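What follows is a group of structures, each given as structure tokens.
You will see chain A twice below: alongside chain B first, and alongside chain C after that.
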Partner chain A sequence: MATATADVLTSRPQNEARSRSNRGDQIYLAVVTSIVWVVLAIFAGIFVVLVTGAWPAFKRFGLGFIVHTGWDPVHLVFGALPFIVGTVLVAVGAMILAGGVGLLTAVCVTEVLPRWLQGPVTWLIEMLAFIPSVVYGLFGLLVLAPLLQRTVEMWLMIHLGPRISFFNGAPYGVGYLSAIVILAVMLLPLIVTLSREALILVPREIKEAGYGLGLERWSVVWHISVPFARNGIIGAFVLALGRALGETIAVAMTIGGGFELPKTIMDQGYTLASVIANEFNEVSSNMYLSALIYCGLILFVITVIVNILAYFIVRRLSGIHGFKA
Partner chain B sequence: MASKLRTSSRSQKWRGVVGFTFTGVATLISLGALFSILAYLIIHGIGAIDWNFLTKEPAAVGEAGGGIAPSLLGTAILVTISMIFGVPLGVGVGIYLSEIAGETHFSRVARVSINTFIGVPSIIVGVFVYFILVKPTKTFSAVAGGLALGIIMIPIMARTTEDVLRLVPNSIREAGLALGAPRWHVMLHIVLPAARAGVITGGILAVARVAGETAPLILTALGNEYYPTSLFKPIDEITLRILKYARGPYDVWHQQAYGAALILVFGIAIGSLLLRLTTRTQSAAR
Partner chain C sequence: MSLIMSASPKLPQASVPDMGPNLTSIDGRDPGKPAFSVSNLNFYYGTHQALDEISLMIEDRIVTALIGPSGCGKSTFLRTLNRMYEVVPNTRATGSILLRSEDLFSIDLTQLRRRVGMAFQTANPFPKSIFDNVTYGPKIQGDFSRAELSDLVEESLRRAALWDEVKDKLHKSALGLSGGQQQRLCIARALALKPEVLLLDEPCSALDPISTAKIEELIVGLKDTCAIVIVTHNMQQAARVADFTGFFLMGKLIEFDRSTVIFEKPKRKETEDYITGRFG
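What follows is the complex of A and B.
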């Protein structure tokens, strides 16, 4: 603590002489620095609480918890593999949908639309980010799932089902597919805004050089602008992936619930986050609770890794401050 | 590049037409998602909203009528508690990152941690508060819910505060310091007032964000059918109410869920509109 404050005092040399003798400044620095310590302590506390909460389950199942299936609250046998697979399936599925649509939308907003339309369209898509996830869940559960059941799931079952077993499921409506689609919509604003910010930064000279070489507009967009903005777009995708892995309520409302490995994309199951949300208040024993916390710990570790990755990718982009998540 | 130049200009043109059509379709899908959600909320929700809906307690299970007044009140209480926890800590961290942090290890750890903190799923924060507050006190409570929302607010608040403080030109700080003002005085009376609009904007953004949080509240505030009587008892919140009604089997509940969602989205939209206006005036002032 003392050393941190000392470091802090020297960090702005132009103020050094004045700060050293000033009591008010010492208090100011102490207050601000201790706030940072409190926040870091909360952050560390989250990890400690998760580890202690997960400890009984960890002692019983060890790391095998991660690779085992089976979820039996009566006989106290737990394995998180179905939820880990479910999390990856839902997140990757949503990323494929949202990544494609989002990137193309960002290209449209920056390169195709007339200038007067760019602002309003961007703003409308940003509005998607202000819709709370429970509202997405409501829409997913009451509107989207029945719609998918009647259309896409029916089609998949009849036309692809006989050949590809992954699509050969009963169209329940709620299930992995509904969760994937609703999650994709939630990721759109993040991907569109961040990709757009990266595309805007492409210098005009580089594009003009492309035109000068006789390239058509699309070639300039696809072979020059998008590759140039690559780092920013990757950063956007990683941030969106972090969000997708942790999204809870909308997924919990649309994924149906189930404790087995997904066999088809129409099955009902859980992700790590949604199993905690749906089962937490149903726990019947301490071991069950501990197994859920263990799921939370796995989720925490995964999202922290993804977000640290995203932070460094986005920061490498340049010295960038306006670049928000 | 040479190989691309060699492609005949006709195939290039076709690829362009197809490519741009795809981008247009993608944009229509994105906008369509927004409009269909809003349309459903308005069409199904507007009928549920009347004076009773805003002022009454929920009706008995499955019966028509009744309102969401306890949820609205609970939301206000939870957001207030969350601001008590979240705003000072968030602004403090923002001040640190913008004004004080240097190239020390501690600064670097703080910066990475805050940026990682933003991405931690909110349900994890709910688990944390459950163990430090709900389990020891043996009851779900408004305080626990507010604390969870406050913790979620901290990194959002910190990030926006840092960003707006960086917009304040250094010459202003130097002018203050040159007049002999101590750093805290410059911060409190010059820099913060200059960035006031932006900090308030950040606050609105953070409130809009936590007002829509549900996952951590399942583990902390739990929900309640009645008006809140104590900060140390379970309390209702609008998203918990939407969750309950959406999952219920009754059409009345579904309609009320749409109504409550419409109110929530409307509230947040107004907040974001304010946000847009204030940021615009600020950038105009620059």
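What follows is the complex of A and C.
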């Protein structure tokens, strides 16, 4: 190291030090850049593997695979529409449940509960995220599905079924509804934790401005805190949606399995992820394998598109006039 | 002139003769009634006592300044006047405060905060347009036509001495304004509710001298419509704008009198030490 005196007396040691630090910078830059390239290469590699694996099915069914139904491993006729619809149904259903409950919980944890309870409650909710999804699957299969079968599904069938055909199904227990509920429970910690962080970051001054104008507590929460934290909350929802689209094992264990389009919410079916997991062992031909990988490719593309859309939504909303009352 | 000491158990009579500007009854207020009559006010954060037996009267339509070293309780006192302290958990106030002749602790909180407006240490405009900032309070209160809102915005911004600077960009974001303009916008936002009292919690502490001068000027200009209570670290500011000044020290009100008395011939040794810069 060049000492301060040396710096003053001659310029050489200083230059040496600078060039040494330049070398350090270069190494640092090289390492960081190569890590970025590794990540991109993994992303591209997955895409290439999916495309090559799906190629036989793509050559045979083309893009029609996306809009066709029918899943016949014997005659080798495959169409992924039921799984795409199933994926959207399960993800959206779970997001509605978990989004509503999760946002209210986050507001409750930050604004309503007394301070000494906030920490423990948050910690308990975060713990939900550490439970392996196969355990959720078991719980869903053995506890939740029978419970829903006796209660919610019965009620839906009797009271809503006659009027709305979407609820007029046989209460099997396992099926789309059970998958939705168990998935919602899994999304909850993600939504609560991230929304809570966004709400905590709302400056005290802004909230005080609201109180100072005579707003009541709930008005301050809904008109000031939540709009102010909106980007963070949307971010939480996007991450949760990504998880909802891709969640595999818990959904595979509770969704029942089936190759047809859902007619009611109690039907049994598959999502793109769960059909791969459950049918992989049944693969009887290369074409069947290729069709499953094609499903994987569709899921991959959907997830990427959702995240790109989310990026643009967040960017548009974060404009200076974004905050609405 | 009455000197009100923190320890005095009974409030001395408010002296009427040479008190502030000529008080006439507008908008139905009791003329001559003090804005606040505070007696034996104690305040606690949990077990910590932050205010100790405060008694004083804050007259209508004059400027009252509260000075004292950091942590002396002056901001806490200010925040009891619109019960802003209730935002903080575990706080408690005892004693009595009358707003005019009503018990302040039993006034509906929303009504109280509308009658007693507040601007804060840091300018805290909402990330919305200038127009929307000023109309935020009134809009939540009730229905106004677009024309009424426009008039209200102009009137409030004029009173906050901001109109000329922003009249051409009312629908631009408030966050594009300078710090001083933002602070005047926050004052305009409070004025839009037509408060009887305006509380200012160190409104100039983050501002440059020119912005500070503008705010001081507008404070003096607001005296004909409302009472103003300002907490400040800046003794020159208190001397410039305030008719009355209260000196707080360690939760007690040491001396409360006309500003001329406080800054020229204070009666208490502590006050003299503080204003001459011997401590604090």
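Methods note: the second predicted complex is superposed on the first by the 266 of 325 C-alpha atoms of A that agree within 3 Å, B and C clash if a C-alpha of one lies under 4 Å from a C-alpha of the other, contacts with A are read in each partner's own complex, and residues count from 1 in each chain.
Definition applied: a contact is a pair of C-beta atoms (placed from the backbone, for glycine too) under 8 Å apart; a residue touches a chain by one contact, two chains touch by 3 or more.
The structure displayed is predicted, hence computed values, not measured ones.
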**Request:** Considering only touches as defined above, state whether A:Glu205 meets chain B (first), chain C (second), both or neither.
**Result:** second
**Message:** According to the stated criteria, A:Ala170 is in contact with first (chain B), second (chain C), both, or neither; which is it?
**Reply:** neither
**Request:** Based on the superposed arrangement, let me know which partner A:Leu81 touches: chain B (first), chain C (second), both, or neither?
**Result:** neither
**Message:** Tell me the contact category for A:Gly214 with respect to chain B and chain C: first, second, both or neither.
**Reply:** both
**Prompt:** Touching A:Thr248 in the superposition: chain B (first), chain C (second), both, neither?
**Reply:** first
**Request:** Check the residue A:Leu188 against both partner chains and state whether it touches chain B (first), chain C (second), both, or neither.
**Result:** first
**Prompt:** Which of the two, chain B or chain C, is in touch with more residues of chain A?
**Reply:** B
**Request:** Could you list which residues of chain A make contact with chain B in one structure and with chain C in the other?
**Result:** 213-216, 219, 223, 321-322, 325
**Prompt:** chain A touches which residues of chain B in the complex?
**Reply:** 1, 4-5, 9, 12-13, 15-16, 19-20, 22-27, 29-31, 33-34, 36-37, 40-41, 88-89, 92-93, 95-96, 99-104, 106-107, 109-110, 112-125, 127-128, 130-132, 151, 154, 158-159, 163, 166, 174, 177, 180, 182-185, 187, 208, 211-215, 218-219, 222, 239, 242-243, 246-247, 254, 257-258, 261, 264-265, 268-269, 272, 276
**Complete:** Note: in the complex, chain A contacts chain C through residues 114-115, 203, 205-209, 211-216, 219, 223-224, 228, 320-323, 325
**Asked** What does chain A use to touch chain B in their complex?
**Response** 4, 7-8, 10-12, 14-15, 18-19, 22, 24-25, 27-29, 31-33, 35-36, 38-40, 42-43, 45-46, 49-50, 52-53, 100-105, 107-109, 111-113, 121, 123-125, 127-128, 130-139, 141-143, 185, 188, 192, 213-219, 221-223, 239, 242-243, 245-249, 252-253, 273, 276-277, 280-281, 293, 296, 299-300, 303-304, 306-308, 310-311, 321-322, 324-325
**Complete:** Contacts from chain C onto chain A in the complex sit at residues 82, 84, 87, 89, 109-114, 117-120, 122, 124-129, 132, 136-137, 139-141, 173, 175-176, 186, 189-190, 193
